[in-house]
Structure formats: C-alpha cells, structure tokens
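The following blocks contain the structures, represented as structure tokens.
First subunit A sits with subunit B, and in the next complex the same chain sits with subunit C.
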Partner chain A sequence: MKKKKNKPSAAAVNGHLVSRPIQRWFPLFMLPTFLAFCIGFIWPFIQGIWLSFCEFTIPQDAQFVGLKNYIKAFQDTGFRYSFVYTAGFAVVSIIAINVLAFTVAYLLTQNIKGANIFRTVFFMPNLIGGIVLGYIWSMIFDGILKKYGTFLLADTKYGFWGLVILMCWQQIGYMMIIYIAGLQSIPEDMMEAAKIDGASKWQTLWKITIPNVMSSITICVFLTLTNSFKLFDQNLALTGGAPVAFQSDGSMINTTEMLALNIYSTFYAGSSNRGFAQAKAVLFFILVAVLALAQLRFTRDKEVQQ
Partner chain B sequence: MKKKVLALLLSAVCVMSLAVGCGSSSDKDADAEGSVYYLNFKPESDAAWQKLAKQYTEETGVEVKVVTAASGEYESTLTTEMAKSSAPTLFQCGNQAALDTWGDYCLDLSDTEVYKEMTTDDFNLKGENGEVYAVGYCYEAYGLITNKALLKQAGYEVSDIKDFESLKTVVEDITARKDELGFSAFTSAGLDGSSSWRFSGHLANLPLFYEFRDDGVTEQPAEVTGAYLDNFKAIWDLYINNATCAANEIATKTGDEAEAEFGQGKAVFFQNGTWEYSNLVTDEEKGFLMNAEDITMIPIYCGVEGEEESGLSCGTENCWAVNSKASEADIKATLDFMKWVVTSEEGTTMMAEQFGPIPFKSAKESENVFFTAANNYIADGKYVVTWAFNYTPNVEDWRAPVVSALLQYSANGGSWDDVKTAYVNGWATQYKAQ
Partner chain C sequence: MKEKRTIGSTLLTVFFSIFSILWLVPIFEVLINSFKANSYVNTDSFALPNSESFVGWANYIKGMTFGNYPFLKSVFFSVFITVVSTVLILLCTSMAAWYIVRVDDFFSKIMYYLCVFSMIVPFQMVMFTLSGTADKLGFNTPWTIPVIYLGFGAGLAVFMFTGFIKGIPLEIEEAAAIDGCGAISTYFKVVFPMLKSILISVGVLEVMWIWNDYLLPYLVLDRTEYMTIPIHVQYLKGSYGTVDLGATMAVIMISIIPVIVVYLFCQKYIIKGVAAGAVKG
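And then the complex of A and B:
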C-alpha cells in the first residue's frame, strides 16, 4: 500500500495549529463528562461497596457490620441456585442467539430480494422494553400451554425455555446487525481466491468467513454473555421467579430466579436484608467483570488481523 | 508539566465528587414555615389527595406536596425518597414488617392533636413501650360480596347462609343448576398477581386469625402451626370447584376478570373488600352500575366452630407515620395538615368519599353498603375477624410461595402438603430472614 508522505497543512483538522490547543486543553473539555462520570458512577460504586459491609434501611444510616453480609451471601442456597440457573441460561442462550443470529445474517447477505425489509423486521423486537416483552410472552406461552392443560408457572422448565425463546426473539436481530457488518467487511478478493482454489462452500465458511468475522463474534458473545448474566426485566415480568421449590430444611427456592432478580427480591425483604443484598450485588459485579474479561481475552486470541 | 496539571485536575474532581456525596448530611433550609411532603400509596386516591393538598395550600399558605408511588412499588419508592435530603414527612407504615423496617423513622404520635381526634386504638401500630408509631386513618372490611338478586333467583336469601355448611349447600346447589340459572356461585379464583393477594392475604387470614386467637398471640410470632389449614383447604376447594372457570384455568385469571364476572352478574359471590364499592356501583372508569340494594357483604365461613357468630374481617394497612427525622417545622406543618384532614369539612368529605368511615370524631357518614354491613354485624354483637396477616414477616416473600403452592395444588395436580409447607415453614423462614 502506498503511504502518504505529504504533511497536512497547519490549519487542517490534524494540523498542529488545531491539534496543539486540543492536546493542551482536552482536560478542560473532558471535565464536565468526567464530573458526571464521578457523580453518576464512581461515587455510587464506592458507596455501594461500602454499603455491602453495612446494615441499613436508608444509605445515610448505615451501620458497619464487617463481613457478615458476605458470609450470609455464600451460605444462601437461593443465591447459589440462582447462580447455577443463570449460568445454565447463559450457556444455552449464548449458543442459541449467536448461531441463529449468524445464520440469519449469513442468509441476508446472500443477495436475497427484500433483504433490507427482513433486516428491519428482525431488528424490531429490540425496540420493545423488557417488561412489556415479558408480559406479552407470558400471555403467549400461557395461551399455548393452555391447549395442553398446563401453564407457564407450572414447571421450572417452561420458565427456563420460555425465557430462552424470549431472549432469542429479542436479541437475534441486534446480533444479526453486527454479524452483517462483519460479513460485509470480508475482502472480496479472499472469497474469490478461495473459489479459484476450489474450496467448497462449507470450507469457505469455516476457513474464511468465520475467522474473518471473529471480531464480530467477540462482540456478540460478549454482549450475549453479559446480557444473560445481567438479565432482569424479562425474568421479572415472565415468571418473577415462580414456581417455588421446597427444600428438606424448610427453605424455599424460586426456581426460575436469576441472579439480578434474586438480589432485587432480597433487597426489599426487610431492612436487615439490604446490606445482604448489597453484598450479593458486589459479588455479582465481580463475577460479571471476571467473566467478561476472560471471555474477551479468550476470543481476542482467535481474531485474524486483516 | 502538562501531566502534573492533568493529574492535579483529575484528583481535584475526585475529591469534589466525594464532597458532593458527603455534603448532603448538612441541615436543609431552616424554613420557619415548614412544609408537608406526603408519600401516598393508593394510586386510586391520588387525584383526591392532590386536590385536597391544593385546597389546604390555598387556605393556609403551607406547601403540601403529594407524591404517589406506582402500584406495588411503595417500599422501593419510600426507600429512595427517604434517602433524599427532602424526605417525605408523612408516609405509610401499615403492618408489622413495615414497622420493623421503618420504626426508627416513625415519630411517637401519642401526644399529638390528630391522635386525640381518634375514636379507636384498634387500627394503630404501637411500639414496645406503647409509643404510637402509626395511626390507622381509615379501615377496610372484606368478605364475600354477594349479589342478593342472583341469590334470590336461585331461591335463597342471605339469611340462609350462617356457616360453612349452609354456604356449601347453597353454592353446590347453584353449581348443579349452573346451566339452567346462567350464573356460577363464585367468580374465578385467579392466581395472577393482580388477584392472588385475595387468597394468600385475605383468605389465608382466616386460619391465621383463628390460630392466633386460640394461642393468644398479640405480637408477631416466630412460627405458626397451621392448625386451621384444613378449613382453609375446605373453603379454597369450594371456591375453585364452583367458580365461573375450571380449576386449571386460574393461573392467568386476573382481578379485573373476577370483578367483571361479578359486575356482569355471572357469579353470586366475589371475595373482596369495601374498596370495590365504587367500582361496582358507580360508572367511574370501569364501573358496573350495579344497584346498591342488590349487593351486600357476608363473612367468609370456613367451618370453624362458632363461626356463625363472626362478622366481617375489618382492619387496615392504611396507617400514617410521621418522619421523626424531618425538621421540627416540617413535623409541625405535617401534624397540622393531618389534623385538618380529619377535622375540616373538605378533609372529612374527601376521606368519606375515598376511604369510607374513618376512625375520627368528626368523620362523615359513608354511603358504602359494605361498611353498613360491617357495622351491622358489629352492632349485632358478632366478633370482628381482625387482620392477623398484618403480622406476616416479609409479606411478599411469604405470600409468593403460598400462591405458587396453591396453584400447583389447584391446577397442576400438586399436593396440599406444599401449601402447608409454604404456609408453616415459609413463616418460620421469613421470620428468621427479616
């Protein structure tokens, strides 16, 4: 590739007359955003961690109690169950959403008539809020299950697969857009070379297409992973955690309750539980952060530099 | 140099943001006038409160702000609002769980004028040493709302129903002649969230009430025995087997559906409370324009010995508490406002319209026939089934498993033992967890 050697003129956007003052004064321009970031994110975050070591009704009156909340969180069967349940849901939904989104994206980049209309239609579910979706789908599922003399809250597996279907329906369109962008950026000459070398369609897909859209796959898997773990509205509106399972020791577990919902319901279960819920929330944050970073590193290694 | 300036600037911002966070603890404006901030919890009465607040401000010049939390969001709204520097000065604290959470924020009202206006102590929430932490500003009654006209059509009178056995006879006769009569005995016992509280809260109060009465319980117990759960099962079975819909359809039936079934004359009995009156009789919003003479309310019978002497179930979760951490001026303004609400012409009129007869000396008469029924039972010397469920620990967390188990039992071939587990073990678990 030919490299441009000619210097930009001093007054151009990247010329020194313009860029110097920007370099010098950028802290000033960043200040409002940074301030907002501190007030809206950093401060509440630090306060949140502090509160996880406290018992409180409202944050101003927090009483320090040490590690009690964390010990309680690790002993809580409901919390452990919701972790396993969330992990299971994440695995299933990551696979389902990404495979389906990639397939749809692949089909819609094959010069089908009306591809743009299809893209718009598939993207639409994303525009509906989670609570609304949850209620609508609970009606749909109940309507279908009624035919078989049962209902959504009758069994944990209905709630689980119901949520998977709901999330697929909502997220496939969004992931599809990212995959389409990835697919369209694959250099034509590579495909052509593969064709000339006599690669089958299947080989092209595995050896050329997928390695080339690895960056899209990274983004999509990352998004679906964190989305699945942080899922709340849809969970709340679809089943709200029901049905309940009774343990031999008398405790009860909401069998379709995911982590975020578990934290939420703990928080409002009496004032002695607020710090407890806060501790769960901190653990939840660490978990999501670790997972996301690990996943990012893992897929980065597989990306192809074009 | 540049880096140093940048670092300095950024750390300055950090410190500033910390200062912003901490700064809120300082005292707010020492406004001598004081103002009222009422966090209301009944969306249906929001408009009436707003109007009343405006009238009060016009009369006295004291600012009254009324905010209403979205349905079912009171606890979370209160938590958020209380953490603000201008926190509510008047809020709802209606049951034991709320008192456990918010007791530290409740002013002792025993020396206030508004408390001295009260006619009864029955609906107030008290602390260990007799402090009055919350005053019940209205009360409600629930039971079986009965369509007398339909009952007559089936050949019965309200007086024919005296206990569980006679109720059962009437109900099962109606079910047997359902097609001929064109209506059912009960409305759907929906277990959708909009309706399930009628059973996990109100119906489940019966076994709680009788158990507590036997055991002489006067404060929140750590455990319940479920001694009267068989009675609960008896009345529940009667509900689901004689309703407008099959038992396996109740999962998705809503409160509105049950109300409509009753309003449109498709069922004789509808378990609900005094607050349904305006919906059934007037033409407001979804009103059904029923004849006030055609409807009344009878006690829910469940086969407990001596229950023919029982009246309606009266109680309240509508209790006012005054924020003890508000400024003195605000507390005074709030107490003045409360007194005005329960003594002035405008206030008592609004309260009678919205909440029925209120337990204050200057209360106005209410035209709500359900309250008339409740008072008649009391006048006849019947005992009041009090709201034992106000002792429930972690209300929502106790109720949800009960509903879930009821649903499994009724519609999915589940065992009644699970209801028992949810009811008995759930209580102990939630008591420990609260």
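And then the complex of A and C:
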C-alpha cells in the first residue's frame, strides 16, 4: 500500500506486526475461499475456454477442432436471432424501466405523505425469484388474453411485451431505490438558489436535478442493460422460447428465446452440440464483459467531472 | 422539511395509494386463485372466489404433496442451502478479504483481480463445466453444494469486503498485536465486530441470490432426490395443463409469504444492502 512506500521504517515494521501473523495462518484465512474459488470458478472457466475449441460428448474425450465451433456459432440463425431479440428487448426495457423508476423516485422525494410505504411496496417484487415471477405473470397474461380468445404463447409479440411488463414490475423498485439515493444527495442550497432565482419546477428538473443524478442514471442504465442481456429465469418460466417459427431453409427458431436461454438449450438439446454451445457461451461472456467494462469507464469519467 | 404540504402533494399521495394497490395485484391474484378449485382458475383467473369455486385450505393441503415430491422437502433444502451457504460465504470471504488487504503480497493481488474478474463472467460461461466438476468431486448434494456457492459467489463478496476493510485504520490491529493478540483473536475479537454493516449488506445480497437461484442447483443437484423451491415451481409448470393450478398457486403463495414477512421486518437492511451492491466500487 502507498503508505508503506513513503515511510519505509516505522510503518513497515508496524505493517509486518499485523501481516506476518496473518500470513502464518494462510490455511485458515485464505485457503478455504481459494480452494472453493478454484473448484467453483477458475477451473470451470479454464476448462470452458478449452472445450469451446473442441468437439466432445464428455469432457474427457475432447478433440481439438480449432475455430470450427465459433464459425458454426456465427452461422447459427437461432443464435443470431436471439442476439437481435435480446438487444431489442434490452433497448425497450432500459427506456421503460428507467423512465418509470426515475419518475416514481422523483415524485416520492417531493415531500409527500406515505412515501416510505410506497417505496416499500414498489420494491417488493424484487424479492420474488425469476421462476416464480414467470409463473405468476404467465397466469395473469393468459387470464387477460383468454378474454380475447387467445393465449400468451400464441404470438411472439405477447411474449416480448409480457417479458417487458414482467421486468418492469420486478426492476422498477430496485432502480427507484438507486434514484432516490441520488436525488437525496443533491445539495439543498443548490435547490434553494434555483428557487430564489425564480426557476420553474420544470427548469429545476432539467437544469439541476437531472445533471446532478447523472451518475445514478449511468449506473441504472448499465444495470438494466446487463440484466437484460443475462436474463434467463424469467425468460424460461414465462415463455421458454415459444412460439416456434420455421425458417425458409427449414430450420426452426424459438421466437422469444434470449441469448442465455439459447445457449442453455443448445447445451442440453443433445450431447453432440456441447462444444458448439460452449463456443456460444464464450462469445456471450465476451459480450457481457465488454458491456461491464464500458460501464466501468463511463462511471469513472463521470466521477472525474464532479 | 420546511416546505408545507400542498394540494399537489395530497393528490400525489392519493395517486400513489391507488398505484400501490395496483402494483400488488399480481400477488393478490395468486392469493385469490390459491383458494379456488382448479377448473375455476382456468376459466376466469380474475374472479374472486365465490361459494361455488371456494375450496378453503384444500389447495394448500394438496400442494404439500402433489407432483410426486413433498413440497416441504423442497422448502427444507432451500432453507438449508441458503443459510449454510450464506454463513459459509460471509465467514470465509471476509477472512480472505482481510488476508488480501493486510498481507498484500503477490498472491493477494492475483486473488483480488481474479475475484473482480469473476464478477463479470455470466453463469452460462461456466455452467456446463461447473456442473461436471461439482458432480465429479461430490459437491452435488444439498450438504456439499454450499462449497460451490462459496466458489462461484466469492468474487462479489471478496470485492465488497476488501473495499470496506481498506477503510479500517491499521492502528487498531497494531494495538491488538502489541497487546499480544495473535492473528485469530485479532480477527475474531477486533476486526470481525467492525464488519457488522458490510456483513449485513453482503448477507442480504447472498440470501436473495441463493434463495431465488434456479439454474445452479438445477444443474448441480441430483434432481430426483433433491429439489429447491424454484426447481419445484418450474417442475410443476413443466407439466402445465395436467397440473392442478389452484394447488400450484397455493405452493407459490407458501414460497413468497416468508420472503415478504422477512422483508417487512428488515426492509431497512435489505434496501441498504441492495443499494450497496448496486453501487459497488
């Protein structure tokens, strides 16, 4: 740490006073986490990268095939479709969730009675797991659509907007909490000054409030973005990818299948597809990692400005 | 607040009151349907139970056993896995984070960066190889799966703990060392009590993750013997149409009531923990 470098004598000695005994207890402090981390992450990750270049039914008899799986993944219509579908879903849900969550947060911080109760209520759906959420909403959508003589899995549109509504219900409360924290950290005197200068509510919102919560907005936009791309449970439970559409070349695509679900179904559809599925998973990882790194850069830039 | 409440804010309260009730409609839906006979759930899921369709607690009693797997068994495994995994994660990763911050050698740095890296890796990337590894090493039972959760969940937990421990002044531990405390007693008597707020935040995040997690236990556990609540619900949904919808709603109700009760009692911590996890770094 920085301190040690500047003052090598006393601080270093004192640092050793603490660090030496800890080091001696490495097996107690570090080893359990390290071993579990190797089993639960490092080894599966390395093996996953390796297997994406192989053909295999069980990992033991993997045959190296170079980039074949990756080429196949890029040519796969289902995979490409699910990428476009996921991106479309991400755009719609980012806008819907953030606009609504910000509006609710803004109104709730306007000194209204019962704000805490409303906050509690809006956050509640966040505690329910994706599978249960999917089940609840599929019952509701089927109940509504039945009145019009149709059902949820009849049309891609229903599945798409159904998932948007479900995700709004789940995520608005969560994003609202982040926006409320941002709104409450705006210095009071800034608001006061705007009032004295005769700014209207609308002007204050656009010229003071929004610029001051830019960092919350960035966080929420990226959270909704990565959440949309990684979405699995809700997708599986609500539509499971149905309905199916036949392509002109005779292949089938699941029209409400998102990326994560597409990878999952490729893995467990048959044992011959596993290298191919693992290659898709690596591409998926790269995509999610790029989004996460972009988030990091964005938030860093914002911090510099303030 | 100095401002006086205006008519506008009263109107907002009225608006939000109505909106809050609408917001909870999906949960009410599950509740009312859990008291209706199966055929009535199908014909009109929005109708309130009436003398014809009302079946009392029958769905709840049936929900305990139908689908060839006792629901209470799933509840037990869910509770066990969530509690043991969370305790294990909190204990092990906070110790590891302390080691990383205080020892700060080459190994610590590598471990730290690997943890940060693991946070951006989606589960689909490792799911196939992870379930294979867990199977081979015998981590495929509810009694051993907490080790898998510790491994896959270590990233976020170590990251949050290191961030917090870096802010603790070294002098306190130095004083303890001078007074003759060894590493173990320094950690458990001096450092651990100071971690209370971050332990709660990380604990909330882990509980919410593990309790609701579907895919990891689904792939790792032997499903004929062990199910958790999300697996059980998905298993019932898989046989949609043939299954008793009223009883399924009762099962869902049983699975969300404890969560809501816990939330209402500790919402302060839950909201704080969730916000801390979101604004990590």
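Brief remarks follow.
As a working rule, the second predicted complex is superposed on the first by the 252 of 306 C-alpha atoms of A that agree within 3 Å, B and C clash if a C-alpha of one lies under 4 Å from a C-alpha of the other, contacts with A are read in each partner's own complex, and residues count from 1 in each chain.
One rule holds for everything that comes next: a residue touches a chain if its C-beta (ideal position, glycine included) is under 8 Å from a C-beta of that chain, and two chains touch if they have at least 3 such contacts.
Values in this document were obtained by computation on a predicted structure and should not be read as measured data.
Residue contacts after overlaying the shared chain place A:Q47 against subunit B and subunit C alike.
Judged by the touch definition given at the top, the superposed model places A:D142 against both subunit B and subunit C. Once chain A of one complex is fitted onto chain A of the other, the partner contacts of A:S19 are limited to subunit C, with no touch recorded for subunit B. Look at A:L100: by the touch rule set out above, it reaches neither subunit B nor subunit C. By the touch criterion defined above, A:M252 lies against subunit B but remains apart from subunit C after alignment on the C-alpha atoms of chain A.
Touched residues of subunit A, counted separately for subunit B and subunit C, are more numerous for C. Contacts of A:I39 after superposition: both subunit B and subunit C are touched. With both structures placed on the common chain, the touch criterion links A:T57 to subunit B but leaves subunit C unconnected. Contacts of A:I131 after superposition on the shared chain: subunit C is touched, whereas subunit B is not. The intersection of subunit A residues touching subunit B with those touching subunit C, taken from the two complexes, comprises 24, 34, 38-39, 42-43, 47, 59, 139, 142, 146. Of all the residues in subunit C, the ones that touch subunit A in their complex are 1, 3, 5, 9-10, 12-13, 16-17, 19-20, 23-24, 26-27, 29-30, 33, 41, 44-46, 92-93, 95-96, 98-100, 102-105, 107, 111, 114-115, 118-130, 132-134, 137, 139, 147-155, 158, 170, 173-174, 177-178, 182-184, 186-187, 208, 211-215, 229-230, 233-234, 237, 245, 248-249, 252, 255-256, 259-260, 263-264, 267, 270-271, 274-275, 278-279, 281. Of all the residues in subunit A, the ones that touch subunit B in their complex are 24, 27, 31, 34-35, 38-39, 42-43, 47, 57-61, 139, 142, 146, 149-155, 240-244, 246, 250-252, 254, 265, 268-273. Subunit A meets subunit C in the complex at residues 1, 14-15, 17-19, 21-26, 28-30, 32-34, 36-45, 47-48, 51, 59, 107-108, 110-114, 117-132, 134-140, 142-143, 146, 169, 174, 177-178, 181, 219, 223, 230, 232-233, 236-237, 260, 263-264, 267, 274, 277-278, 281-282, 284-285, 288-289, 292-293, 296, 299.
Here subunit B touches subunit A in the complex through residues 2, 5-6, 9-10, 13-14, 16-18, 20-21, 24-25, 75-76, 79, 82-83, 97, 100-102, 104-105, 193, 248-249, 251-252, 393-394, 396-397, 400-401, 403-405, 407-408, 411-412, 418, 421-422, 425-426, 428-430, 433-434, going by the rule given at the top.
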